[in-house]
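The chains carry the letters A, B, C, D, E and F, assigned in the order they are written, with residues numbered from 1 in each.
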């Protein structure tokens, strides 16, 4: 076997056979939810928290998964184990579960819909992103605003990312190496596609309030580690003034864990050291927690 | 042949073989655009305007379709003609073109993406909706607001409908027969999933400003017909006070053309006549334009 | 005597004689403030806090009550005592003080206005609401938003309830058994007519920030009891995502004290148990505090 | 007879007997609507338009008046005629109809409510306001904003005026002779208590959009007269920059008809002439229309 | 004489002697207004309209200029004439009048302030900007929003440009050749530093509403010319969707008159032709009006 | 020597020679930052904190000061020492550093700009403000809103004060003795020109969140002192309801330190005692900290 497999509606199939109908609402409307964890040293990380969050997304969209969290955990482990033999020693996987509302008999009667269920693995882009880990991210805030919670909650992880796709297109139209972090509807720092932003100021760590962002598990882990390290953590409205005058800025995401930021809108952050001391401290604590050196996992590709 | 066919990336295939990869960004992110016209008496309607709008959606999302409007019109007609033999005499088709950003080699390099192209037909749900045509729609405004243009323009038709799915779930949670029409971020009447709202007041016709809605072709046709009939047309901010005190309310959509509304949030509209006189006049003008009786096409199913 | 009495501008009169002029600004403009406490087992509850709040409302509207809090407390007790003989053993009263700006000699000279003062009692609708206590409330959020504090503070209790009347009409137009809880101007959960909403999540209790709601005395009592029970209490922005994914939801009000919620916009809350464990715990603590079983006081009517 | 009479729920009674229950929702909640026209030379003005507007207010609040417009017009004329003998030759009346939702048997069952209906007359405060007509109004914009339409429409005339009462208190707290004109939620000029603001600029007349204000009949009359006089009329968003740089500013209201404004927030308007030429022209046209000299009716009291 | 001169508080002085006190409020607070016109072929353009606008700015800031428009026009012509000998044949001047509130005896008593008055000339940067005229401007919308009118009207031209300076810094931090056009507080296209944006769509010309921008004289001239050429002109809310799908985009400013835009946020506009046909037509009409070829005046420097 | 001196771009000059070019961007655009501390008993106060804040302002505006904080501290002390001989025993100085972006060779190339640097002293207006210290300030909230952070952060101290100048003009147009405290874009209490507002309620001290105001050093000192005195301090959204129902209100600023407020929009605060007990306690603590009696320094002038 040299092809990855995926779970699709009750079967394990080669990934190339894992396709969905053009009538699936997950495709037509983005009417679907998902969650993604990753492995560290081939071991899955915080699966339970991810499934809790996935079930909250399902509840928000009123999709009945038709299975329990335990069922889903077991299926996830099956898919992962089937795919591990294809993974290089230094590589790791993203592991994703996804439920669409399905494609029922009639558009008029939602009770006939049956969800489409997918579980799959994808190798992390460690090589492609290694340079960012070394040099720091260039963050740019686009002019469009993050969709406000009164229209759609960012806390449910759903197949509706155009708002963040537009943010990326706007930013990369000026600087293909930059990463978009949106502002929320009030002009406060918000989030990027799959990434949370964190600011270090006067020895404390600040990140946007959970109501406006998808509260990433990596963000949560980082906040827990910061508190264990004796660093005060605030969830509050932070804005461009905070970013420009911060001592350090970093981004958390499932793949990046903790990745330093070197500039925000072209303004160098703090003293210019990448990573700054607290970012470095949190990267080490993260590495200790997950059992591999998260920085070296990227930097070895340079 | 007793299965409809679809165009998929250069080939005409049976619809059941028209599936897309679980790695397609159109699925993962809803990163795709589409447009849908319909046939009247098996003849396609205003294909050119629909393709113009589709190409504006492509431009907004910076997806290169890789073909001209003429190419796409020709392909569309091929797909339609292949499917017409399967259509009942009294039935008609929705006809849809869809472009996703595709699933490139790498998530990191957008230049490698190649769009997925789909063209397909689907019979209109005339029978399921016939009752609504006779009795009038029950419109309910949900508490969530339509995504504001500063986050994502409603004028591009994209695979990102969660905001309107949530609106529908909220409304149907109280009244399964009701139809959701959202309010915009300022509390003005906005739009439903694939439908525009129009209000008749003192002999004039009012509909929300184009900036806040997907300006449907049916809405545009109706406004043209109204002007031809000597009815003044306004695009302006209208709100619940306007709706509750309107003389008539109706909805336009590709499938409905012009469908009367009997209640808004449970308040009866005008004198209670369904359809009201101007709604009726516009239905007749619409029928004249498209060459079939749009009202009877629904009502014959009752 | 078989008619309740009321205090009106210095006199105790039968309630049917307690009428006000059609020139009174409290009637014409809603230019009046009030506060309502209740009895438990025929004993008045937290009169002092209610009068403190009433005097803040008076200050906000710049109405000079012409008497001290002590005067008003004494008059209140007189009215209550005069009416207690008419109250069934298992019943209790709402007890209300109200001040209008009066109807002065001239609309042009406010210094000539003299307030109208009313104190009265009304039996609680225990029977009518008993079913809600057993089954849980069906909460629905209407599309109109709560009046924002920059237009009129919800913290002053005034004779201006149209915003909440409209909310109720909109909600009951779909479901006559539902109760409206508005969203605030930013789309966060706010309040209903005379009721506050509380959410239970991961063992903590959350309720909207005081700036956006009339901070009910029952809400305050419940928060105090929660803290005494070792439950963490947060006042913060909470939204529909929080509600749909909550473990429990309940409402506090002067009449209800603590009443469980079974659904929000048709979505079942938590496991479906009514009341949930923490709601139940707080009902018991409330009963202990006020000296009667608040749940049985309702349920005995079924 | 030397007391005015009023209509109250089917009877004509002396005004001092026209009182309402302290249980009436029109009093408790301001749950009532009304409309007010006036006489000119003892003849009622535009009763039909006022009743149309009143019935829109009733529809908005879902109060069933229990009678037709014709019924109400007849009753109004009866009340007016009964009161005319008490009116001085140079005086005129405000004439008001008012419907509350009533005080039903139970707060829980709205179908049992029966509206309270009041029709009454009140002499215009011509003497008290004469000075303003001569010197021009001093307009001040308070810091609180007009209630936004997404909370409560200003177009329904209801017994809920606290927002405008607060505006007046704030303004008169600095300058007892000033008149409050609120800004709307976006900071545009809006309206005062019973008054609309109009700006003259480069020979055209501008007034706020109808969605944000109670579109007064006097405002409507003035706009009609302006158009007849060949003056262009715009309904649009206007703000403090427009007011400060206007050539003339005036206010319309049922009592004032057209009253000049001399200052806005202490800034003198235009050349300082009171009234300005276009204001004067419109006052004359108004006088011609109503058959009395509206300016002299005020100025004779000085 | 080989140094330009300026008018400063009653005297004509060499520009190097034209300095202001560090106590001047125009410096400390930006408490000053100005206006700038230009010469075409050494002849001043529309001085009267510029002075009208300047006097509106003075009125808005309540600065008494201490002189009439005629006085100021005469002084302006004196300064211009004194400086014309220093101007190359192919060059032209910006000509600016500026009034600060001055630096009075005391910060506590504004009546003691006496305005500082400056009139000066500066050669246009024709050479530096010639490339932009040929290639078209690269417009980028920054993430910060234009100051909303409810905080400070953009229609008064004042020494307070930090909002637009920040916009420029943000944009040039990514692309030093780009020009910032802000979005307004609602996310609509607004203005840049001294420049207005115009969009061509389906043969009509659209530009943001005057309330949100400094309505430039060049913008006004261009709109007048468009109407003379039979092109429909709209002032309305326009947004990024409009810009991305426009046929042509251009910018108007005192120096540029009409300068084509090639990209907005990196998206090519229309067919890519610079200038587009309507932009070209308006440049020609502008040249005819002002008596010199405005395009060649720039392009000759390449 | 009987004239104060100032530092200007490398030189110490008499203040009357300290002038800046009319081409300086600090003048033309207000493109400059500054900070102001004061002396107490001729000793400079918290210079380090002020310079930290100044360097944050420089960072926000991307102006390179061209010197270190130590350099600037030394220069500041030189200027102060040179000016102290001119200061009366009972007087004290404001001490200000200011950096403009300068006036470079070309408007097109920012890299050529060289900052203008000014350091100067100004005696405090103790006599003019003494009355306010005794009687309490009359605070009025104007109708215009403070510039929102998404347009320009209030946390950078820049030469752009028109928003607050307009606020003052609006307020003083009604009451020349009143002081303007703006509301923020959401209608919460914000700040005045160089002053912060603080509210005392139920023994705690509340002040607006730092994101919306320039967090004054005096505000910070007062909060530190309050905490040392065992008074709880909250930074939170506070509004007019809070102000009207507060027990005490006071203002902090560099000159005032802690100055009592007697009325807000004409409503008397608390019991009317000026200063209230907690305001008095904080004035004493402030006096102890700075080594002079801050109250007597003002009151001795009466």
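Keep in mind that, in the parts below, a residue touches a chain if its C-beta (ideal position, glycine included) is under 8 Å from a C-beta of that chain, and two chains touch if they have at least 3 such contacts.
Just so you know, these numbers come straight off a predicted model, no measurement behind them.
Traced through touching neighbours, the fewest hops from subunit D to subunit F number 1. The chains that touch both subunit B and subunit D are C, E. In terms of the stated touch criterion, the partners common to subunit C and subunit E are A, B, D, F, listed by label. Comparing the chain pairs D-E and A-E, the larger number of C-beta pairs in contact belongs to A-E. Of all residue numbers seen at the subunit C-subunit F contact, under half occur in both copies; the interface is built from largely non-matching residues.
Between the two copies, subunit A and subunit D, the C-alpha superposition involves a rotation of 180 degrees in steps of 5. Chain centres here are means of the Cα atoms, and by that rule the chain farthest away from subunit C is E. With each centre defined as the average position of its C-alpha atoms, the distance from subunit C to subunit D rounds to 33 Å. Each chain gets a centre from the mean of its Cα atoms; for subunit B and subunit E, those two points are 43 Å apart. Contact of a single residue of subunit C with at least two other chains is seen at positions 62, 144-145, 148, 150, 169, 172, 183, 187, 240, 267. Chains touching one another form the pairs A-B, A-C, A-E, A-F, B-C, B-D, B-E, C-D, C-F, D-E, D-F, E-F.
Note for the complex: subunit A touches subunit E at residues 140-145, 169-170, 172-175, 178, 183, 187, 240, 265-267.
Put simply, subunit D touches subunit B in their complex at residues 56, 59-60, 62, 148-150, 153, 155-156, 209, 211.
By the touch criterion given at the top, residues 183, 186-188, 237, 239-241, 244-245, 267 of subunit D touch subunit E in their complex. In the complex of the two chains, the subunit C residues touching subunit D come out as 6, 8, 15-16, 18-24, 26-32, 61-62, 98, 106-108, 110, 118, 120, 125, 128-129, 144-148, 150-152, 158-163, 165-166, 169, 172, 185.
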